[in-house]
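Heads up, the next two complexes both have chain A, just with different partners, chain B and then chain C.
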Partner chain A sequence: MTKILFTDKLDNCIERWKSAGRTVIGPVQKNNISTYDTVKSASELDLNLVLPDRSIKELFFPQSEPMLRYTIKKEAINTSEFLPPSGQRIIFGARACDASGLAIDDPLFGWDYKDEYWFQRRNESVIVTIACTKADDFCMCTSLKLAPDSPKGSDIMLRPLENKKGWQVEELTERGREAFKTIADLLQESNEAAAPTITVPEKFDSTACAEWLKKPENFESKFWKEISLRCIGCGSCTYLCPTCHCFDIQDEGDTYNGIRRKNWDSCSFALFTMHTSGHNPRSTQSARWRQRIMHKFNYFPGKFSANSCSGCGRCTRQCPVDMGITETLQEISKLSQ
Partner chain B sequence: MTENIQNAAQNIYKPAIMKIVARHDEAPGVRTMRLEFQDPAEHDQFKATYRTGMFGLYGIYGEGESTFCVASPETRKDYIECTFRQSGRVTSTLARSDIGDLVTFRGPYGNRFPIEEFYGKNLLFIAGGIALPPTRSVIWSCLDQREKFGKVTIVYGARTVADLVYKHELEEWLQRDDVDLVLAVDPGGESPDWKHRVGFVPTVLEEAAPSPDNCIAVLCGPPIMIKFTLISLKKLGFDETNVYTTLENRMKCGLGKCGRCNVGSIYVCKEGPVFTAAEVSRMPAADL
Partner chain C sequence: MSIEQQYRTKAKELLSSGEVKMVIGYGPGSTPDRRRPLFITTPDETDRLVLDSACIANLSGYLVTEGLLSDEKRVAIFLRPEGIRTINILAAEAQLNSDQVVIIGFDSAKNEVTALKGSSTEDFSVLIESMRANTPETAKEELFEKIEKMNPQERFTFWQEEFSKCIKCYACRQACPMCYCRRCIVDSNQPQWINTSAHTLGNFEWNIVRAFHLSGRCVECGNCGRACPVNIPLRLINRKMAKEVMDLFDHFAGTNKTQEPVLASFKKDDSETFIL
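And then the complex of A and B:
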């Protein structure tokens, strides 16, 4: 016997969570783009997607985040702080790749200096992941040693029933258990079988890639130029990525009043590393693409023991010139043989 | 979005407010400013954490923040001195600021020069142009406890006589008999009354030929100068592990999160900015 959440009870669950003061968020269609957003009822949720176009990252690390408001008067600077809006949230219907992405970035945002903008949201969110029963050609979680039902970063794992009438409930963390206590009476014990989790074929050998990337002589391989020739440096891959965390800090306002913001930035942009002197350590698009791959699969694992990639495939799926991490790592897999 | 007034303790992006108490023009477009903390608690925190070699993000609200070294030594923590060339938005506005004006400071961040490890050794400082400020921080840290070190040699070169920074301090070091200062300007940069060397830093260094025995070298300068000076130091017999330098990359956070200052796998903001030449030689040269 397993606990089952039937789809026809989902509205009651959302109601229950809302009246307990939690905001319910899930995958929705918005202006022809699928993204994670607040919902009022189950009918707004789009749970049939392979995964939303936009990643879960922006719920924790918004594209533009106001941090400080400054007011300058003669002889005084007044600064007030923006804190992330507080409140418990339930993110219902996350994908395992997105949930893993959050867990991957936790050590980065907590490395010596704790970024409260990230952690306050992390601490107040329950991630309810639905194991994938479908995938597309771009999905590559298994190549990153993750899976369509990987528990990493999730508080609850739901496994769709074969008859599509609900989900088996697996409580993974205390935080998840707490959130599901509210709806305990809406769950039913049953023997309904879960649909098989989709099999995502492995597309490259990430261990072999990591070994190749670690070899100093490969840093200046002509491979980097060839593989990145068609990159137009638009930055889409970094913005859609659930683990890309690079940001810029910019002031918006004038000499006397304004707001200091933390905005998404991208290693694809030439200005990203440009010194005031004009010197640019990563002055070519190939150097920037190399940085992106090296950072994700060599530098980041060296520091935080995990690839900075959860295999969602958005970088490739939505690249305007049909490039992406998959192709690059497939080529590196070949080179490392 | 709700706006909460909170204390600064937990927001790692909130800078301290500093008052400009003195300023000095060093060279065309180059200015030094002395800044004082306004909040005693922030000052205490600075005093507790600052060590020579660490850097900070200096800022003006409305313009942004710029990363440069703390040019004053760990032996003088009543204030922060910074020396900058007026070139971008922040530095141009800083340069227009006057005594009494308020600016911001975030830091100190990064690692430091292991000055205790230099005790009992001879010191060789080599700097080019605007890179004297980070070197000067180490120089004064050592001169303020002069008895702990052996021979102190400083080799400093700039493009022209006008471009030499800290001219008043250079004068002081020339007068001191416990400091050997070798000054140089690039060929063509000399004035009619120039009494010192003419030539590039690596050449001048080789002529001065300081002994590598029991000697630590601290080298700061533009990338091209570093490259050739390292070759000269090798010729003179210096071991790469006894040569220290600082790297300066563009930074936004200074905290290891914004993702732009890394050279290879090394985050300059956290693992640097101070490195030995041996460490730098292991970094991918194409990423510097």
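And then the complex of A and C:
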């Protein structure tokens, strides 16, 4: 016997969570794009997607975040800080790759400086992941030693029933258990079988890739130039990525009044590493693409013992010129043989 | 022989004879329905070239890659009519020497690819003139007509919703062959002219600046809209601007390589009393 959440009870659950003061968020279709957004009822959710176009990271690390307001006068400089809006949230219907992405970024945001903006939202959010029963050509979680039902980063794992009438409930963390206490009476014990999770074929050998990337002689390999020849240098892959976390601090306003903001930034942009002198240590697109791969599969794992990639495949799926991490690592796998 | 095969042979000949140093075309993508830009430099690679109705992207932006044409050697490139117009504009704006560009022209409609005869932009002037005449018919689109009928407030609301999705990844800019500036206005940060934030104001600033910069220059190849990862119907903005420029100045961008850029030229007898 397993605890089951039946789909026809989902509206009651959402009601219950909302009454308990939690905001319910899930995958929705909005303005011709799928994204995670606040919902009032179950009917607004789109749970049939392979995964939303936009990643979960923006719920924790928004593309533009006000940090402080400043006013400068002759006699004094005044600042007032902004903190993220507080409130308990349930993110229902996350994908395992998105949830894993959050767990991958946790050590980064808590490393030398504890990022309050990230952790307040992390601590106030319950991630309810639904194991995948479908995938597309771009999914690659298994190549990163994750899976369509990876528990990483999730508080609750839901496994879709074979008859599609609900989900088996697996409580993974205390935070998840707490959130599901509110709806305990809406769950039923049952023997309903779960549908098999989708098999995502392994597309590259990430261990072999890591070894190749670590070799100093490969830093200058002509491979980098060849693989990134068609890269147009937009930030689409980095901004849709659930683990890319770079940002820039910008003062908006004038010398005397303004708001300091934390905005997404991308290593794909030439400006990213432009020095004040005009010198740019990453002056070519191939150097930028190499940095992105090196960071995700060499430097980040060197520091935090995990790849900075959860295999969602958005980088390739949305790339205007059909590039992406998958092909690059497939080619590196070949080179490392 | 299929057009694909004919053009592979042509590409092979161009490279073998040394007439061009590179062929920019299309290759197979990561899924059966995808095509990707391909850069061929040796005759034996030409079999990798693909040409079918899935080859849509305007590849001409790659021609202005820093240094590519600076050795004065020639490059062959697969182009649809919009792409050929792009070469005219790039030449008119002194971004490239069109004599260095060997056009491998094609068009596609209803899953059918047809070859276009010629190799320099002049060879296609009749075709481009016919495009000018046919623009109003081909540009008809339901959403465009709907927006045209909106009042300013409704239109503002429509674009506000669309721009609220913008993540400022600049895929539109990077995919656009007309956005060749070495340093874009949004990247000019001393001072920061345009807000970098992807909030409502910042997104409006960016998209309006781009619309103005493309007025009278956009050939409606559609690269921007296809590149946009959040599906903003960018082509509609550029179509609107192209229509305005056509109505006001009778200007159809990219008709020939000496065409004056409409918003960057000055006439003493201009009816306007000021310059925007």
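Definition applied: the second predicted complex is superposed on the first by the 337 of 337 C-alpha atoms of A that agree within 3 Å, B and C clash if a C-alpha of one lies under 4 Å from a C-alpha of the other, contacts with A are read in each partner's own complex, and residues count from 1 in each chain.
Methods note: a contact is a pair of C-beta atoms (placed from the backbone, for glycine too) under 8 Å apart; a residue touches a chain by one contact, two chains touch by 3 or more.
Please read all numbers here as calculations on a predicted model, not as lab measurements.
Bringing the complexes onto one copy of chain A puts chain B beside chain C with no clash.
When the two complexes are overlaid on their common chain A, residue A:Glu116 makes contact with chain B while staying clear of chain C. Ranking chain B and chain C by residues of chain A touched puts B first. Once the two complexes are overlaid on the shared chain, A:Gly233 sits against chain C while remaining clear of chain B. After overlaying the two complexes on the shared chain, residue contacts for A:Gln250 are found with chain B and with chain C alike. After overlaying the two complexes on the shared chain, residue contacts for A:Thr326 are found with chain C alone; chain B is out of touch.
Contacts of A:Asn31 after superposition: chain C is touched, whereas chain B is not reached.
Touch criterion met: A:Thr316 reaches chain C, while chain B stays clear of it. The superposed three-chain arrangement places the nearest Cα atoms of chain B and chain C 5 Å from each other. Looking at chain A, you'll find residues 248, 250 touch chain B in one structure and chain C in the other.
For chain A in complex with chain C, the residues that touch the partner chain are 31-33, 53-54, 63-64, 137-138, 229-230, 232-236, 238-240, 248, 250, 252, 261, 263-264, 266, 269-271, 316, 318, 320-324, 326-327. Contacts from chain B toward chain A in the complex involve residues 1-6, 8, 10-14, 17, 61-66, 87-88, 91, 100, 102, 104, 222-223, 248-250, 252-253, 255-265, 270, 284, 286-288. Chain C makes touch with chain A in their complex at residues 29-31, 34-39, 57, 61-62, 161-162, 164-165, 167-171, 173-175, 187, 189, 192, 195-199, 202, 223, 226-227, 229-231. Those residues of chain A that touch chain B in the shared complex are 66-70, 72, 75-77, 79-83, 85, 108-109, 111-116, 216, 219-220, 245-251, 253-256, 258, 260, 262, 265, 267, 272-277, 279, 281-282, 287, 291, 294-295, 298-299, 302-303.
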